[in-house]
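Just so it is clear, A, B and C label the chains in written order, and each chain counts residues from 1 on its own.
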Amino acid sequence: MITTLLTRIRALRIRIRAWRAASSRRKFPTQVIQLGVIFVAIGVSVFLLRQKFIPESFGELGHYRADAVTANAALEPRYAGWQACATCHSDKVEVKNKSYHRNVSCEACHGPASDHTEDFIEHLPEVPVGREPCLACHSYLVSRPTGFPQILEERHNPVRPCTSCHDPHDPTPPEHPQECSACHTSIARTKAVSHHAPLDCEVCHEVPPEHKERPHAHLPKKPFAREFCGTCHATDATPPEALRGVDFTVYEIPRIDLVTHGGTLVCWQCHYQHSPEAR
Amino acid sequence: MPKTYERREFLAELLKFPGATLLLGVVGPVKLLAAAGADEDEYDPTEHYYAMGIRVENCIGCGKCVQACKSENDVPDEPFYFRTWVERYIVYTDGEVQVDSPEGGIHGFPEVATDKEILRTFFVPKLCNHCDNPPCVQVCPVGATFKSQDGVVLVDSDYCIGCRYCIQACPYGARFLDPRTHTADKCTFCYHRITKGLLPACVEVCPTQARVFGEIGDRSTPLNRMMRMSHLEVLKPHMNTEPKVFYTALDGEVR
Amino acid sequence: MASEELARLESALSQVSGFIYPNEVELHWSILIVIYPYLTGLVAGAFILASLERVFNVKAIQPTYRLALLTALAFLIVAPMPLQAHLGHPERAFEIFLTPNPSSAMAMFGFVYLWYLMVVLLLELWFEYRADLVRWRQSETGVMKLVHWLISLGSRDVSSAAVAFDRKAVHVITIIGIPSAFLLHGYVGFIFGSVKANPWWSSVLMPIVFLFSAIVSGISLVLLIYYVTSLLRRKELDMRCLNTLASFLLYALIIDLSLEALDFIHRLYESEESIEILERLIFSKLFLSLTIVQILLGTIVPLVLLASARFSRLPDELKRMVYFIAALLVQVGIFSTRWNVVIGGQLFSKSLRGLTAYKLELGGQEGLLVAIGLLILPFLILALLLKILPPWEEATTDPEPSETRLT
């Protein structure tokens, strides 16, 4: 057997030598064919490797692994959603859903509660304690939308926890806010450093008493004509009763000719009424 | 009120019998399964196409959305990795615009310490826009990020090689590299929640309904109503990424 | 997460001015991604210089032909290393070959690189050296003989027909190689130039600017290597060769400067929204690396030096000293160019409202030490290649060098 193998190898070597010697009679020199063989071998192996290693689900739905979609969908939620809370705590949810906090989800204050729905004794949701959790939304920030209930932390019952007066699931204040600044803080603050500081809000706005209970349902009236501002600012005007207490030696009310000043525009188209400094 | 809620309400009433407390330990998870819709058909991604709306005029900058997202999606706590964040814009009367996002707004915002007169100021929540023409998907060399059939741009973290090209390509800064997995990461619209009929965590906890989730197309979702009744804008429209997060009252200073 | 990483990011956060998106504190493409275009630029530039000799018959630079090819190979071998080191998952890098995304310029890297390595550079070198390898083997022993046998793939034919075929093959491959070299470096420029999200990168000129700065860097590198190797071998420097190299370097520098000036003027004139933050970027974070290093030291000074030395009546010894200094400055300038593009593009926020900082660490996977190592490595490889495949005239045992050098 071995002798046959050796004879075969020897014969092969003779043939290769002869093939090499015949190089000049061929179109392509030997070296090119050698190279060609190598390149083809590389190409084929790359192709085969690709077939083996490309992930199975790749390309099913697009240029990505379809399994990735299921992988992304397979994570466990940590927030259960308020409807899950309602299954057991329907009394609280019912009360909350009629209150000012109806749009505040349970988990916004109590944290993720998916664990709690699995084992309600082992995993208890957190109960917010102190003023900080409430201040996160309700402390005054000038960038918060006007009308959103905000308080100045240091001035609003600074020592007491919020829950001593406000039930978090029905946070209707024990008394309706007396000052407009309770909800319209940034306007109040702007006005307080302006020339209209001595004017109470009611001087210009007719505020129905129900506004403090249901603000959106009972809107205050706003002035609608130039003559309104003219009651103080027209050349021949006499400031109304409401302003009698103001000391006009500190500053004088600027007077304008109501007919010619500002054309057909209404005053607040140029002057911001809560800070009307002429510029 | 959706049907499932009434069903659950009835079940809840039934179980108020004394001693039912013990049963709740068993029935609880079963009910959660029912609530998750195990009795309904399996989720078909071709029947949904998700988008989000943001009402800038409602945002109070409380940062609960940022907290909830990090909690729900196990995002690293450090202030360099955000799937969503809130920016505050303050426009002064002298024309200066100040923008800040302290730790993404996760602990809210500090008071503005300035005497300068403010012209206008507001908060803007940001997140991945799940663009319809996403530049991040375009540049991924291996196909590790993609737009799913239901319109959500997702990352295949088992396939991502961490080259960070997608992070460079996103015009909105919505992507980051997860320092633990060394793969790209970003908002997924809480894909694992929405495919089970839940809302994304950020939408769930928003106390003022500044975030609105839903589907586009012929669907009755809160988003659809918002798209009908409001004037909508998207971020950086000139980039032609076709974002699917729609803003109302978006100020011109917002980038 | 690692505490050094955290410290680095916190330090970067403290250096932010203005507003950046919260996710932008971390700079994603580090010095390794600066090195990659620098290396491929040298490859493309060296190859184009070599092609000048072979295809455009610039006989004067013949002494640098094989040297340029070997330089290109040494740098090409190292080129993918910074990319590999930078990946979040280097072990998954092969995915680029498995499932390349046809819309991604980066996916083209695998194929362009392989094409250039296998079909252009290796093939050209093989055909160029084959006859010499066969002849060397005949008088060698031991390891070198084995190495040469392996490289030549056991080839034995040195008949005039085979050698003529070799020469023709080199010629054809070089012609194919020129656009391939353009592609090898041009696509890197496209990777940056096509990112619409980044106004510093997004530009039609980016691939062109990259290419011309590559040509500049390649020519100057070959000049430097030729100079140093001749000194080390104690051989006379061919002044005709050096003068021609200096001329080409000068012309390439002029074109490169013009392109960069065009980009600059165009930006300034159009004055798009991003101009404000980019101005802040240039005059604060990038002032040193852009105005001083890239423009002044890296382009204008070498340009003046080259022009004045080349067309002056200085003695040769002084001339070549000036060429050397100019070429060195050019290298520094081109590296700085890559830095300004890659790092510069990440130093400002996409909100166009703020700037951040890049903290280059000493150690770590993407630190300075790794970067320096990667810059030194090609020279070590080149030294090895010069040993195995000596490009010098006297190593060639061609009986009639002038005759058989016909193209």
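Keep in mind that, in the parts below, a residue touches a chain if its C-beta (ideal position, glycine included) is under 8 Å from a C-beta of that chain, and two chains touch if they have at least 3 such contacts.
Every value quoted in this text rests on a predicted model; they were computed, and no experiment measured them.
With every chain reduced to the mean of its CA atoms, the largest distance from subunit B is reached by C. The interface holding more C-beta pairs in contact, when A-C is weighed against B-C, is B-C.
Spacing of subunit A relative to subunit B, judged by their CA centroids, is 8 angstrom.
Here the spacing of subunit A and subunit C, counted between their Cα centres, is 46 Å. Chain centres here are Cα averages; for subunit B and subunit C they lie 44 Å apart.
Residues of subunit A found to touch two or more other chains are 55, 58, 63. Within subunit C, residues 98-99, 101 each touch two or more of the remaining chains.
In subunit B, the positions touching at least two other chains are 143-144, 159.
For subunit B in complex with subunit A, the residues that touch the partner chain are 4-5, 8-9, 11-12, 24-25, 28-29, 31-32, 35, 43, 45, 57-64, 68, 71-73, 88-90, 108-109, 111-112, 117-118, 121-123, 143-149, 154-159, 188, 190-193, 195-196, 198-199, 201, 204-209. Interface residues of subunit A facing subunit C in the complex, by the touch rule stated above, are 20, 23-24, 29-32, 34-35, 38-39, 42, 46, 50, 53-55, 58-59, 63.
Interface of subunit C with subunit A (complex): residues 94, 97-99, 101-102, 118, 123, 126, 130, 153-157, 159, 161-162, 165-166, 169.
By the touch criterion stated above, subunit A contacts subunit B in their complex at residues 55, 58, 61-65, 68-69, 71-84, 86-88, 90, 101, 103-105, 107-108, 111-112, 117-121, 136-137, 139-145, 148, 275. Taken together, the subunit C residues at the contact with subunit B in this complex read 1-2, 5-6, 9, 13, 19-26, 28-29, 86-90, 92-93, 95-96, 98-101, 103-107, 109, 191, 194-198, 346, 349-353.
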